[in-house]
Amino acid sequence: MKFPGKGLLDGVFVTVRNFVGSYFEKDRLVTVQYPEERVSLPENSRAFPFLVYDGTPDKMRCTGCRICEVECPPQCIYIVMDRDEKGKPLQRPKIFDIDISVCMQCQICVEVCPFDSIKMDNDYEKSRYGRFDELMVHLPDLLKSNEYYHKIKPAEATAVDAKLKAAAEKKAKKLVSPAPPATGTTPKTA
Amino acid sequence: METLYQLLISIKTDPSVGRWLGFAPDWGLRAVAIVVSVVLILAVFLTLFAFLTWVERKTLGRIQNRLGPNRVGPIGLFQPIADGLKILLKEDIIPRGADALCHFLAPVLFLTVSLMLFAVLPIGRGLIAVDLNIGILFVFAVGAASVLALFMGGWASRNKFSLLGAMRSVAQIVSYEVPTVLAAVVVLMAVSAAGKQGVGSLSTVSIVEAQAGGQMNASGWFIFQPWGLVGFILFFIGTLAESARTPFDLPEAESEIVAGYHTEYSGFKFALFQMGEYLVMIAMSGFTVTMFLGGYLGPGVDMPRIGWLLSIFWFLAKLSIMIFLVILARGTWPRVRVDQLMGFAWKLLLPMALVNIVAFGFWFYLGSGARGWFASATVLVVAFALLTRGGASTRLGKRTYRYSN
Amino acid sequence: MNTAFWIISIITVLGAVLAVTLRNLVHCLLSLVVCFFGIAAHYFLLRAEFLGAAQILIYIGAVAVLILFAIMLTRHVTGTEGPRELGGKWWMGASTAGIIGVLLLWCIRREALTAVLPPGDKMQGLVAVIGKALVSEWVVPFEALAVLLTAALVGAVVIALEETVHKR
Amino acid sequence: MSIPLSYYLVLSAILFAIGLCGALTRKNAIIVLMAIEIMFNAAILNLIVFWHYRFGCSVTPQMFAIFAIAIAAAESTVGLALVIAVYRHYRSVDVDEMRALKG
């Protein structure tokens, strides 16, 4: 049956159904009470970048090559390469800062990194009380272990490990006659 | 107030407890009665207002399958206190070029006018601040006066959005007052029909008492008659329009004119405007209950000792239902356009209100029994069908713009 | 009672004076509303409640709003007037008004009017009496009034619409 | 204790004189109309005052007041419509500028 004003009444029935239903059907309420309950994020969710090290923090994969600094669209990365007394580069960063107030979580740094060193973390709770210094993350805080990487993104980390291992084996085969390289910064697959 | 005064007088003249009040003069007791009733009204309805903001947000949340405020206090009950504190701490800004005096006076005047409505609202049996013999007329007079307070605020802000909102609100309230008053006329006619020798009254208490009797004190409510139902709907729509609630919140349509007449208000003055709007809403819902839903009547109000307590309970219960309907309307219907607003008032509501009076005549002269019931229902249904042309006018035509084309 | 009379009278006269002397049209209107409110209060004081409510409903709810729309339609929204707000030969008008005022006051000096009179006997249930009278004894003037109001409504619409039809 | 009748009459006379003064001196047509409304109100106040003091048992003065209020409302409606029509024509509401009988 159709009569003038039926649309208005239909609307009322819809809202009343929602109102009453929200008290009886639990799956209607999609609100998550955030600090107490959390949604488990998908594995490939991403928040801010971090640096992977193998074993101990001094064996970081990063070589301080500054590719990510150059590629970063909002230019939130600042890197100074470490050098010894004679000015020879040590293939590791002395300063590695990421301004997470500027970072837009685009993952381009991860894409361009040739050493699989910089990866996306999924820890999004980065709010701080200050606007400037507190939001500048320095090298010690950026470094996370490979185990942590395995924990947050198992599939991706396994793939990366396999790739690095293959690369190392290839390199080892190629350099079978000369002595193995003495540099400690070569990624270990351990 | 009168009940309280009589109570004080009876205590004074009572020999056993009279020595406590014996020294007090009668005018002193009257002053005490006035002050107590005013303070009671302020306390009850301002608390109700604070609570209502929470209820509204909760209800709207549930309608949208959300939880609503639930952080401050148990299930968010202290949210109004937090809101109040926040708004009190805000800076009070008077725009440069604004008319400072009018800008200051407008919210005060608006709140005063809204509070005046509660003076004639019967909350329970014998519980009314002043039983004016012009009761309902007083309500409409006060409602008419509130328009100017809104205009004052909008004009004094010297902001085009404020002025637009103020003019919209003036036009809207003036337009919707006509069908609202006419819907009330039917009630007054019914009161006159129920009174002895056809003597009617405008007093709100007599309107309630005219609906007394019948089963459980409920079958005499005007809403159960066809003209009463139509009058209720018309009055309810008028209430929504006069308190500028969705779907008639054009005076403060945020998507068009920022916030309407209180765009330039902040801090405490803004709070006064909000308070006034909610109080108008509560009061008008209360008058709807008074006029169509039997006011404080309900099962058990005639009982000797606890009757008045039950009457308060029934009034508040009905008031809550009305307020829930208002919130439901806000949660359901989208805002109308300005031309729809005016067309709705003048082309549908006004003729329906006039037909409603005729329908009451049918009901009255056909013996106010089942025959009259069906006759007036038929008149109303036919009139509604004719006015809406069988639903043809619900399909909106293409809008033509007079100046831009 | 006395105090109320004096307070309300002062407010009423002040509102009237401001309404005809202020430069800003909207301020004039608001003062006029104050004056109307004062007169409505006087009606309540004189036990004519129905008239008081009608005064607020009609003068403040309708006439003042109408004037408001007229101001908004004819002036800039700020409501300010031009530099010269008094008409030519204003002193003649002012003195005429003054003379008439003095004449009125002189009339009131008469003995019969200055005597302290007791208020007349008030009818019980006045609103009901007025309602009854309107539809019985006074029904013809009442209907004539309805016709007049309709005619005024139609006339006002016709007058205000006329030129827009011809122009654009 | 009650107010003498003449006090109200004086109040009404003062209001009337103020209204007259405004109507005769101001040149804005809207203010002239407002002044006329003040004069109307003064007259109606007189009716009610005489009802209160002299004719308390009769309903006629109140009727007169009601009719006067209604007619004043009709008058102001037409008056303001005229003001708007004149404004459309002259682009002004100055009563001194409305001299021509021809439109």
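Labels A, B, C and D are assigned to the chains in the order they are written; within every chain, residues are numbered from 1.
By definition in this document, contacts are C-beta pairs under 8 Å (C-beta built on N, C-alpha and C of every residue); 3 or more make two chains touch, one makes a residue touch a chain.
Remember, predicted model here, so these are calculated numbers, not experimental data.
Placing every chain at the mean of its C-alpha atoms, the farthest one from chain D is found to be A.
Here the largest set of C-beta contact pairs joins the chains C-D. The distance from the centre of chain A to the centre of chain C, with each centre set as the mean of the Cα atoms, comes to 76 Å.
For this pair, chain A with chain D, the centres built from the Cα atoms lie 80 Å apart. The geometric centre of chain A is 57 Å away from that of chain B, both derived from CA atoms. Distance from the chain C centre to the chain D centre is 5 Å, each centre being the mean of its Cα atoms.
Within chain D, not a single residue touches two or more of the remaining chains. Annotation for chain C: residues 50, 54, 62, 69, 126 touch two or more other chains. Among all residues of chain A, none touch two or more other chains.
Under the stated contact rule, the graph of chain-to-chain touches is a line, running from one end chain to the other without closing.
Chain pairs that touch one another are A-B, B-C, C-D. Looking at the complex, you find that chain C touches chain B at residues 26-27, 30, 33, 37, 49-50, 52-54, 56-57, 60-62, 64-65, 68-69, 72, 77-79, 125-128, 131. Those residues of chain A whose C-beta lies close enough to touch chain B in the complex are 2-5, 7-8, 11-12, 14-16, 18-19, 21-23, 28-31, 33.
Contacts from chain B toward chain A in the complex involve residues 59, 62-67, 328, 331-333, 384-385, 388, 390-391, 393-394.
Across the complex, chain D meets chain C through its residues 1-11, 13-28, 30-31, 33-35, 37-38, 41, 44-45, 48-49, 51-57, 59, 62-63, 65-67, 69-78, 80-85, 87-89, 93, 95-96. Across the complex, chain C is touched by residues 102, 132-134, 137-138, 140-145, 147-148, 151-152, 155, 158, 163, 167, 170, 174, 177, 199-202 of chain B.
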